[in-house]
């Protein structure tokens, strides 16, 4: 019973169907009929004009966005524990040609205008110091925390006032929207670019880079090719994204899948009580767990990541539920934790 | 009836089967059971030790290889019409951090030791001039010409003598081997790295970067991640590659598909006579075609690329056959050309 | 008697004086009083608004300009024999983060609108091909040829029409202006950036990067620092440049020095007759010279570079005169060549 | 009376003499007789084989070293307040093609094996995290603290054990050696590369990059050219460095100048008492100073930098003495501080 991550889960049946339906030959690269529908499909989802490009990974989506928003000599503000800082193998440095990540603080890996100001206000406005050009938020954050529409609005206003272009890393954006129960745009309003994750949410290997300043798309298209991310049979990526956006009983697949994953996490959370290191808002749980307890769970067949234990905790673990979390597995884990 | 390119063709049924079979969750990235089999599978194919990494595109495969073989301040010898020079949107410059492509001549986009020497011998051995560090060949070439095992051996010996690491861009390596009817290794012996193409040959979105100097793999793995090419569900790329290598009636899929595409091209070639601008050795035909003739073919439902006409030709076209070329379409085109 | 190059010649006495006068401590970097005068001094020289930054080398001046005018995924048109292509150790690739030099043809290393159009017109407007963003001319060219004001105007108009930002590599711009006997601006009118060479013309180690679009200066100042070219005691570079611009008897030093060098070249040219491989317009001579003749000259104490012999020539040499060419040496070389 | 920095001070008379003596023409770039003597001169200074290259700035020296010691996908450990992190405008990102600075803690901007281990031990050995490849120390540190020979030996042993190549940023290395009164090598033993500062110590615009692994020099020479730091009249940089190394009364100029600057700092320090925020070991003083006190000093004609005040201090200032500190100015400042 795997609670490692959502990023290795199976592909949703409707995504498989879309892939098969895309098999017939079409124009290569992004000249196919499916890719041509992406801009309109995402504009409808967000209720605003945008351009949407497929790429194979969240790393590529994030880094193409950052490179479009920050020059090589500039800096990008992000949280000290942001995925782009901690877990992307230096990809931002590669794509931006050496721009600097500027690291701000914040509870639950969430930034605030105050924490950003504390970082950037002391930067001297001279050529000896890297100047901030962009701001990158993770929605939901690396600890599964969501920014509310009000928080997003405040951060976007702050970014605008400071001349920082706003990027949102939305590897689990769907889960955040499901949690917030808001319009998708309200979860990222003011962003110039959003990495809209699908792979963790039932896709195979397609993510969407959504550009709310469509003029960025021209440059990003060249850079996508230059990064080796323009696939010949791009229709298979477009098909996945379109399948995600398509509705069934009034609910698009991305939202249905995210709700399912979130619900499973809530079920487990109910059993965790004081073990919870962070409020559970999406499909990730960070729990205090002594080594012996972790071993006991593993002995019962549950797999998950150990996590660095915060001060005062005997140990910690990260549990992640996916769109296809099986009710029996979730119930079993819930019982097992309650019985520790 | 599409003769545009092989790079948008359908995915082979056995690849589809392999994809479906890989759906069950497994470890993310390249920690899955299928990815773990790649090194051995390619070692068996080539009869020599190697490391094999999946990536989504030939551009990424080529450029990861070049970056591993040439420092940023160095140069990579390739043909003036090489794909890496002409058609990859500057990706080599991105991946290598600005290394220089040094452009040599050669009939049919094929290099020779003589043409390379003519380029690099005049380079002064001082810091003002970019020094050659690597050699990149395309097997088969951009005009569908193959290097024979003897030619490969000569070029590899030359490269070794000059201290040039050898890369082979094998976007249509399968077609080249099918044409040469040789052991795969003989078509690239001496190479440090081979981009082994699968997408044009019945795959969906997986290419193999084969490293015959396995120690390169450690660095390339870090750079693959850094380039955003480490996919979460890498098992789907591994599955495609393994399906390509698996045999049916003693013939691996890559070879069967390449033979089918080559055979279709030969059938068409037989009708082209003096129109052929290059000998047809794989699945590409470059033909002299006056604008009115091209229009006539298109009026009959045949699609293909116009090509820059060489001196003396009234116009030109490129015709490409794919693994799934339909006999009826091929016969129809053959008749149509014969009737021009 | 050295006719190798002008780039190792002594420093002019007035430059020495200016250096000594700058010795007293002042604000570091470019915060000193001399650096603060540069913009105005160059604006007066050119009769138009501009920003001027000192750097230590022509390579840095050229490459900072190119990086400001062309994005990493773009291309820069230059002559096949341009210094930035042939002799700067790949520095443009470093500074531009891998932008591509696109190589055009032209007699005497001079470009024309026609030769540029022949190069760029066939470039497909798609992401697979690197698109031209900038044009770099060398005034005077690598063969010592000057672009007339009319030629400059035509090229600038062509560049503007094609959306190409114009850079002028003026390592010997002073010699070109002296040769043309025109207003300095007429020798580069339309350029966004000019590398104005001083080192070859009596300076020690300061070149000026003149930006005719002053808004570029903000970015270039950051990039200059980032490239390690912001010197602590920048006043010593500013002092050199200001000394060059200062007049004596109505003639600025840069012009007086260039005229002296050009005149020496003309004296030698008069003895060369049919040996001249290119018209002599500045302070460089390219002459046909058989190996035995070269040896004879060297035996008499003349030093110079051998040069690749063009077709039909038994051998070739490059002779360069500097601002401090001694009359006796020049006369001796003139006699020696005449006597061959 | 300027106590801003040592980096804008006048040039020492013996350096001026050496510059003038180098004026006569010689071979360009680093082919001149003076540049040819550098390796041997520094080998004698350090008592060990090395290669020494001139560059114009400490930024260039540091970054060429870092790029030689760390691949683009790697990380370089340095102190959170290291100059390369804080004050070089992102130059390390440019030169290393995006390698990451990994920031460790330590009192007085000094690192220890323990503080480095605390940073790097938690780094997972996988491709998602940037792996450390190099360690950069600043001798003396950004707060004017010196590493003793024992500390250097411990750090070098630690670096070696962890596979980290060692770089020493020695912008004020001379002051550190003067303070330690040790053999120069003992202040950096184990380093692969040392940036040996001269500009702050009486030079005009030459720093030495000393490579204790001389095989690195081949690559660095290419990269120096590529970075636009190979000056035509390199003899003027070599001349400065050689003047610094030459002795007078048994004491090389670099040591005499550093001792003079350090002594002036000690004189001021004696008046500072509890104001000192860090022990004064070289020529920098960090003092607690209330705004009104700072204003009072400035009203008396003393110039210096404000500095971020640490917790508990009403304000702070940095005072720097240079090789040419005038006894009268130093005494006046000493009295003025004592009288506050």
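Order of writing sets the labels: A, B, C and D. Residues in every chain begin at 1.
The working rule: contacts are C-beta pairs under 8 Å (C-beta built on N, C-alpha and C of every residue); 3 or more make two chains touch, one makes a residue touch a chain.
Quantities reported herein were computed from a predicted structural model and do not represent experimental measurements.
Novice: Does B-D or B-C have the larger number of C-beta pairs in contact?
Specialist: B-C
Novice: Which chain has its C-alpha centre farthest away from the C-alpha centre of subunit D?
Specialist: B
Novice: Report, in whole Å, the distance between the mean C-alpha point of subunit C and the mean C-alpha point of subunit D.
Specialist: Computed from C-alpha means, the inter-chain centre distance equals 34 Å.
Novice: Between subunit B and subunit D, what distance separates the C-alpha centroids? Give it in angstrom.
Specialist: 50
Novice: Quick one: subunit B and subunit C, Cα centre-to-centre, how many Å?
Specialist: It comes to 42 Å between the two C-alpha centres.
Novice: Pull out every residue in subunit A that's touching 2 or more other chains.
Specialist: 72-73, 88-90, 93-94, 97, 127-128, 222, 225-226, 230
Novice: Residue numbers of subunit D touching subunit C in their complex, please.
Specialist: These residues of subunit D touch subunit C: 2, 4-5, 7-11, 16, 20, 23-28, 32, 55-57, 59-61, 63, 88-91, 93-95, 199-200, 204-205, 222, 225-233, 235-237.
Novice: Going by the contact rule at the top, pick out the subunit D residues touching subunit B in the complex.
Specialist: The contact residues of subunit D facing subunit B are 71-73, 97, 127-128, 131, 219, 221-226, 230.
Novice: Going by the contact rule at the top, pick out the subunit B residues touching subunit C in the complex.
Specialist: Those in contact with subunit C are residues 72-75, 86-90, 92-94, 96-100, 122, 127-130, 308.
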